[in-house]
Structures are given as structure tokens and as C-alpha cells.
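Heads up, there are several structures right after this.
Each of the next two complexes has chain A plus one other chain: chain B in the first, chain C in the second.
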Partner chain A sequence: MAEEGSVRSLSCPACGGTIAMRAAGYTVTLACEYCGTLIDATDPAARIITRYNEIQASLAIPLGTRGTLRGVEWEVIGWLQRSDGWVIWDEYLLFNPYAGYRWLIAQNGQWSLGTMLTSAPQRDGPDQIVGSRRFTPFYGGNTARVMRVAGEFYWRVKPGEEVRASDFVRPGFMLSLEQDDREKSWTISELLTGREIRAAFDVDPPPVWIPGMTPLAHQPSPYVRRIKGWWPIAALSFVVLLVLLSLFGRTMQPQTFSLSATPDGPTVTQTFGPIVLPLGKQAMTVEAFTPSVEQGWVDIDISFVNRKTQDSYDAYALNERYSGRDSDGYWSEGARSQTLKVASLPAGTYDLVVDAQAHHWGSSGNWAFDASSATYKAEGLLPIEVNLMVARGARFATNFWLALLMILVPPLLMLILHIMFENARLAQKDGSSADADDWLQGMQSP
Partner chain B sequence: MTRSSFLYALWCMGVLGLYLAAASQGYSPFADGGRTAGAARAYGPTHK
Partner chain C sequence: MQSVACPTCGAEVVFRSPALPVRVCDYCRTLVVRYNQDAQGQVTENGGEAAVLPFDISPIQIGTEGNCFDQDFQIIGRVRWAWDDGAWNEWLMLLADGSHAWLGEAMGQFMALREVELTGSLAQVIRRLMNDTPVKPGESGNIAGQSYEVADIRTVRCIGCEGELPFTAPVGWDALSVDFRNRDGRCASFQKDRHGPSLYVGHHMNLASLQPRHLRQLPGWSLPAYG
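Up next is the complex of A and B:
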């Protein structure tokens, strides 16, 4: 047998192909990379253990490929494909004469680096603890079966070999227990980033998760990092928004005007002014107050008319008040006061033109036929006073809420995607259904 | 700061900039002005 850790070549007794044994001295079983025949590497005559007629698998990383991962140069010496009856995954055996063996596990385009533990983890209830990392149960009692194999291994592996497997997870990590009748082995695997695996072995980067895809059990939500990173920015933006809300929109230089309108009487039109707007563009606030309206309403149309250009900026208020008594007692509805906000009036001198028409509702009062309109109208009702307070400036709360919504939409979208991701991930969990702890664990960073 | 955080910060600055521009111009898409024409007016109590 060759010196330990060196490369040795031998001919496949089945197809005659030259096979490089890269971990000579450690390797027990060797699969021909050309015909798939399994060879006993400990036998000087390279005895055939099993012959396979399967076509050599097209591997994402060809055997013999070297790549540097986490500062160590690894050589891919073996490959096996396993399944638990539900999913199929590939495991590449990496070897470095000084660092030993590692596993490179590929599933759904995601890659994890597996390291075998030399001691069993600590158990804490259903959880397992390795160092300071806590792993919670995810898969339990599955049977992992070797489907295909190529390359060399440190044990006598063959297709059909089965182990009982249980997996424990935390974001970015999976702790796997594999056991058969003879031994137990623990492996901790860490999810690799697309950049890492591509730099090491030039494979395609992992696919970006989209709704409908099934994430790996230990795949961290790609949205957690964004939510955590965006939260302080959203909070700061909210504070800035509050400051802007307090700085802008104060009303100033109020002017008051009043007129009166008789219920069911003619429309009263009155012009007030001048109202001078000295600066750029600004909003105007108009409070229309009708303190004496009762069982009726007042239509109030206002127009700011620019004296120079005759441009008109209109708004409308409906002040109304109704009350009565029924089986539930006294009721009332309507508002005697309305606040109007007119946006972006250019600088200039304006007249305020007000049209007010008061109406009476119901059967109280004296009714008389009005020949001009051919309708019955109430008579003898007191005129309703319409008070107007006009001020420069206006605070639009709707602008604030709209801006806040726009600030929150991206984080909320990330939160919805995170929930969808975690739903898809936790749906695979064996045993008890996902609880609050599982969801909280999903919010942790790797 | 990650690229996504940087882009989100840009988005927030854009929103705040728009808010500031609207506030300084006294503008709001929800202002009352201009609603008179075609506005549906319903009169009378709705109490049942």
C-alpha cells in the first residue's frame, strides 16, 4: 500500500480505466469514476466489490477538483447521492492531508459544508447544544439511503446502504445524527454563501428563493437581514417626518367673515377680501361654522378668486345637524363645523366668494307654496349665521400618512415574504407543528 | 451598510423629499379644493 496521504493510481479491474486514489492509506472503498464499479482499495489486487452498469453521473464538481474553502485547499475525492424517500441530495467528500475530511452537501442548489464532530453534542431537553449554538429538532427518524456512489471513501460504502437520520437546525446550520446498528456519527453543516461556493469550486450560485420554492430546513430567511437593517432607517425616517410635520403647515394671519342665509331661502352670495398671499404657493385653511343650524343643512361653496388673473380655486362644505328621539332615546348627527383646506394657491391678492344656501329638513315650521319653484317651503325660520375663518397655511395629515405608508411598504413587503419563507420552511418539520420558538428562531441571524 | 439598506435609505430620503416639497408648496393630493364640481351631495339624516 502506498504511503499515507499520497496519490496512487490503479487500473479498474472492470473497465481498465486509470483511477487515482487521492487519499491512499485512508481510503477503504473506491468507486471507478468511469464505470461506477466499486473496488476494495485495501486489497492489493483491487478486488471488485460490486459492479454497476449505471452511467457515470454528471457531477456538478468533477472528482479530483481542488478548491479553497475557508482557507483550506480541498480535493473532491468522492461523491454519493442519497435520498430519504422524499428528497435527493448529493454529498461530496473533500479531503486535505492535514485537515482531514469534510462533506460538501448539495440540495436544491444550496451548498453546505459538513464537519464531523468528534464528540456528541450536549442535550438540553429536545434541543442539542454544540458550543454556544442551540439546535432545535426538525427532521426525526428518517432513513437516508445511498443511491449512487463514485470516488473513494473512508468506509465501505455501497448503494443501498441505509442509516437512521435525525436533524436539528438553527438558521444557517444543521446538526445531523446518523446511526446504524454499529455506530452513531454527528455532523454539523453550515450553509455556504453563493460567493463562497462559486469562488471555491466554480459552481452555479444558489437560486434566489421565490414564493413556491421549498427552502432547506436550515436555510436562513434572506429577508431577516433586510428587516433588521431597514428598521433603524424606517424609525429615523419616521422621526424626520414628525419634525417636518411640526415645522410645516401652521396657520397664520386668520381673518373672519360672516353672512347669514334663511332656510329654504335664496342662495346668498357675498364677496370678502382682500386676502393677500405674499409668498410662492401656499395652502389655505377655511373653517366654516354654522352654530344655529338645526334640522337642516347649509351648502357653502367658497372660491378664492385671484383679482389679477381671475383664476378660481373652489371648495365646498356641507354643514348639517339633525336630531330626534326614538325607542333608543335621543339621537343626533351631522357637524355644524367643517374645515376646508385648499392646496397650492399662487401668490397674489384674492377675493373670497361665498355662496351659502340653507335648507330645512322635516315637517316642522310653516309651509307655504312657492310659485317660482312650484314647491312647498318652510316659512318663518330664523336665518342661519355662517361664520368663516380664513387663514394662510394648512396641515395636511393625509400627506403625513401617505409618506409614512410609503416608508413602511418596503419593510412590510419584506415581512410578508419572510412569513411566506418561514411557512414554507417550517411546513417540512417533523413531529410537533411549528411554535412561537421556531418563528423566533427564524428571526435570528446565522 | 449593505446595498439593500443603502437603497432603502435612498427610498426613504426620496419619500421625505417629496413630503418636504409638498409641504413647502402647500400641496396635497387630498386637498378639498376642486371637489365642488361633480361632487356627490347627500342631504338629510341617515339615522334609522
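Up next is the complex of A and C:
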């Protein structure tokens, strides 16, 4: 409350309550904060304009409260409750004799600071431009009506007073045009952060948006900052992932073994070793390469058998190669090389047991009837060499993709929430429903 | 600076501006009018009495200094005007080059205005105002090379004055006041009273942009850093 000297007090001619006039010389209308009666402040006798007997609402910010916003100390001197028929909002008139007037607009628990413009914005198609800020139309042609009033105002305000209102928005800001038959006025209001408004006037913090709530027309999507803030984290995580892969994903101490199998011959079984694994939970990579397989396939079964426990860890590869000539020319298909991965081998000494069986397909070579299997089998073909390279460690591509997905899930989730938020916000807008352009526009910085 | 004795109470009345003919006596509120500024000295006359100004919470006072129109200024006078729905101050600035200009103060916003001559080719809207033909808000016209729009039209009444003034402004003096504004913050004002029509052009300002010094200290409020 200001000291004596700047504030003039008078008693309400209707209810006798003591009311303060804080902007003497500017104030035109004084609405008694106790009974709502409107008093003509330009008349030295404080004449009653309209008598009301309504108990005023308890205000979120009581009249006379001082608070510092953006480095300027403001006193709340007036309060209006207005409605456009759909929503109701509160407007507090702030005053500082050196800085003039501002508005504090409260709707859905969100607070905005409004400043009246002294010159009209620049028009550009349907948009309006103030300084370097572009505002797009949001709703137009509403009628805003004063419902209740308390405190003092620089014009003749009264319940029922109506203005035509049009709003233009950009994230965080709203540009409003209000006009009646006498004048047009433009106001820019800026959404205040919960911290700012709390620090200034100690009101409840604005609610956090959850799907299903209707945001304000100029409320910026809370997810934009998070999506934008996530990218450095995602990039860092990606780099860390690559580093981890190159550190721990590389293979070590390769050992090579080879054996050969005759096409359509018997299964060749051979044991190699020892393979010593000093670390627990070791992944193994086995590369099976059959450089000479042609018009046939090789089944390769491998098992790591622990010498102590006889536990067996198995993998299987099928190397094949077919080729020929047809109307399109030469063709070939099949892979002569396979990489097998065996995860999580306990520490220990292992033998590698390999079963390889080669088959031939096609008409080349000599064929002989094999009585035991009652089929023709090729004869006289060269044995096929099976080369095996065994190494510790393995790169599991699926792990990489899983990690990448986990890095991308949070921003994707936030993007979906952002789109939900923007759709809820733009559902109130005049004209067509929201599309990707609108979602992108909602990403703009204030 | 010139000093004369008030014709009513004999107190010393100081004129800071050599050009302005009227000064309100600080003690008895007599409108002191000087004329015949020849070598012999001053002839003064009692031009009536100015009303006591009602209390207001304006940050400006006589003696406030600052910068406007690229010149230093000092506030030397004030006229307070009222209309049906409010009142505002017009502060008289004595500029460094000896000329004067007005600083209109309403709703915590300021308009710096300098008089321009009503000669040459005038916009139709100005000619109609001079001929007492009604105009409406929103009508536009060119003033001093800029396009303006009529913002409001009011019949105003002087409710008080203080300091030095370019004219006598007795209480109850009626005038027609028309404000114009344009898109880039410029404004203009047309006034017609018993002395005839006058036209002023200038621009909107806020207090900080006036770089003011010696602002009025208002109890309960701290002066801004620039004050």
C-alpha cells in the first residue's frame, strides 16, 4: 500500500466503505471494491454513476498489491472480469506513475502481461506485424463484455460494456484489437512464466498442460523447448553409443581353422581348440567362409563345448552359391560367407566342434546311384574348403538399433504430445483445422 | 530570465522564457500578462485568476528537464484540460533554442507536439475542422507530409494552469481538440478555441525516452533509475 501523499482515500457514497484512489488525475471511474458501485472520479463530489449491491469476488491479487515485473514496480489498481460468451477471464490494471499502465490478464490459471500500443501494427495479408514479430489471425469478430468491475480505471467502464475483439497470435504472444464506435486500440500481451508471475504477485503457479486441457490461444507448446533441448542430448548419446561400440564391440584374438568337405560326401566332423575365454559373458564371432562352393551348398553346424562342464553353445550357417545363364545373361545368387554370433559364453576353455556337409546341385559332374539313400550323387568333385575364423567379442547390430531407438523415443513422444497440444490449441481457431504447417509454426521461438 | 512584481500580490514573478507573455503567479494564482517588451521594461496586467490545480499523480513537474526533438528542454508551464470522460495535462517545454513545444500526458503515455503554421495547402479534413464542419474518427488526411487518421474528437475545458504560458487560459475556457495518429508512432493535434485554430505535430513517447531529470518525487514510489 502506498504511503499517504500519493493515495487519495474517499468513502463510497453508496456503502460508506473507505476506498483508495491510487492514480489521481488519470482515474475516471472508481468501482467500490466492497459493493461494486461505480463512482465518477472526475467529479469532486464523487458522484454515483451506477449503484450495485454485489459483494465482490475475492481476487487472486487484491487491489493495492504491489509487485515487481520486468524490473518495474506495479500496483494493482483495478480489476475487470470479462467474457466473450464462451470463456471468462480476469484483467487486472497495473499502474506505476513513472511507467504508466499495463494489464495482467488471467485465464485458465495462465497469466499474460498486456501493453497498449501507441501505433497500429503493419498489415501483411491476413497477418499483422509489430516490430519484427509476425502475428497470424486466430479469432475475429468476438464480442468481449465486461461482467464485473472493481477498483479504478482511466475510462468510463461499466458492467455490460462491449467491444469487438480480434486476436492474432504467435507462440507466447497475443496481439488484440478492441474497437467500439469511438476508438480502436491494440494491445500486445505476453505469456508470463509461472516463476515470473509467482515472484511478482505470489499467485498459484499455472497448471501443467495434460492432454484434454484447452490451452490458451497464445500458449506456447511446452514440448517445443523439450524437443529442441533433446537434440544435444541425443547427439551426445549417439556419439557415446558409437564410442562404446568401437570400444567393446570390436573382436579380439582371432583364430582361424579350416576343414574341407566333399560335395555329396559324408558329414565331416572336426574339433578345434583350445579356445580360452578369460572373461565371463563373452560373445563370440565366427566367420564361416567357403570360397569354392559353386552350384551347391554347405551346412555348417558349430558348437562351442566347454571342456569342464560339456555345456554346448551352438550356431548354424548355410553357405550357398548358384549361378547360370538365361535370356537375361549371367546370374548368380547365394552367399559364400556367413557371420555367426554366439552371445554370453561363460569364462572357460572351449573346443570348437564343427560339422560340415557339402551338397551339389545341378547337372555338371559325374553322377552315381547311391543305394543307401536311393538318390544319384555327384562324384569326383573337388572338396570344398571351409574356413572358420573365431574371435572374441561381437557387434550386435540389433543392440545398436535398439539403443538408437531409445535415443529417439523421447523426442518422438514429445513430438506426438506437441501435435496433440497444438491441435487442442488450434481447435479454438477460426477456419480450417490444424495441419503440419501449424505444428511447425508452433515450434517457432517467441 | 526576467522578473516582475505580481500586479495583485506584489510577489516576484519570474519569466524564464523571453517569448511567453503569460505567467501564473505562484502565490495568488493571478494570470500575469506582460506586453510592450521594449527597452523601458515590462507592463504587466492582471489577466484573471487561474484555478488551483486538482491533485494528480503526474511524474512531471515544473522544472523537469529532459531531451526532446533532439534538444534539451525544461518544463516551464502546464495547462490541464478536462472532457466528459477524463482529463489530461499539457506541459509546456522550453527548448534549448528558445522555442517552445507541448508535452501531452494522458494514460501514462506522452505526446511531444510542436506547433506548425496553418498555411499552404492543407488537408481537406483540417480545412473542414477550421470551418467547424464535423469530422469523424477514422477520417484521414496529410499533415506535414505524413498521412494521419483522426483518433478522437473532444470538446475540452481548461480546468487549471500553472507556470508560464503562451496564452491566458482562464478556467472554463472551452476548446475543440482533435487528435490524429499514424502507423509509425507520429501524432498530430488540432485545436480550435477563441484565439482561433492551431495545429501541432509530433510523436508518441514514453517517459524513459525523454531522458528526464528532476522528475516529481511521488510518496510511496521510487523514482526510476533514469529519473
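We take it that the second predicted complex is superposed on the first by the 301 of 446 C-alpha atoms of A that agree within 3 Å, B and C clash if a C-alpha of one lies under 4 Å from a C-alpha of the other, contacts with A are read in each partner's own complex, and residues count from 1 in each chain.
Everything that follows uses one rule, which is that a contact is a pair of C-beta atoms (placed from the backbone, for glycine too) under 8 Å apart; a residue touches a chain by one contact, two chains touch by 3 or more.
Keep in mind that this is a model prediction, so the values were computed, not measured.
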item: Partner with the higher number of touched chain A residues, chain C or chain B; value: B
item: Contacts of A:Y154 with chain B and chain C, given as first, second, both or neither; value: second
item: Contacts of A:K341 with chain B and chain C, given as first, second, both or neither; value: first
item: Partner chain(s) touched by A:Y26 [first = chain B, second = chain C, both, neither]; value: second
item: Contacts of A:S237 with chain B and chain C, given as first, second, both or neither; value: first
item: Chain B versus chain C as contact partner of A:Y92, first or second or both or neither; value: neither
item: Contacting residues of chain A [partner chain B, same complex]; value: 225-226, 229-230, 233-234, 236-237, 240-241, 244, 247-249, 280-284, 297, 299, 301, 313-316, 318, 320, 322, 324, 326, 331, 333-334, 340-345, 359, 361, 393-394, 396, 398-400, 402-403, 406-407, 410-411
item: Chain B - residues contacting chain A, complex; value: 1-2, 4-5, 8-9, 11-12, 15-16, 18-20, 22-37, 39, 41, 43-47
item: List of chain C residues in touch with chain A within their complex; value: 54-59, 82, 85-87, 89, 106-109, 137, 151-152, 181-186, 204, 206-207, 215, 218-224, 227
item: Chain C contact footprint on chain A (complex, rising order); value: 2-8, 22-26, 28, 42, 44, 72-73, 95-101, 116, 118-120, 122, 154-156, 182-183
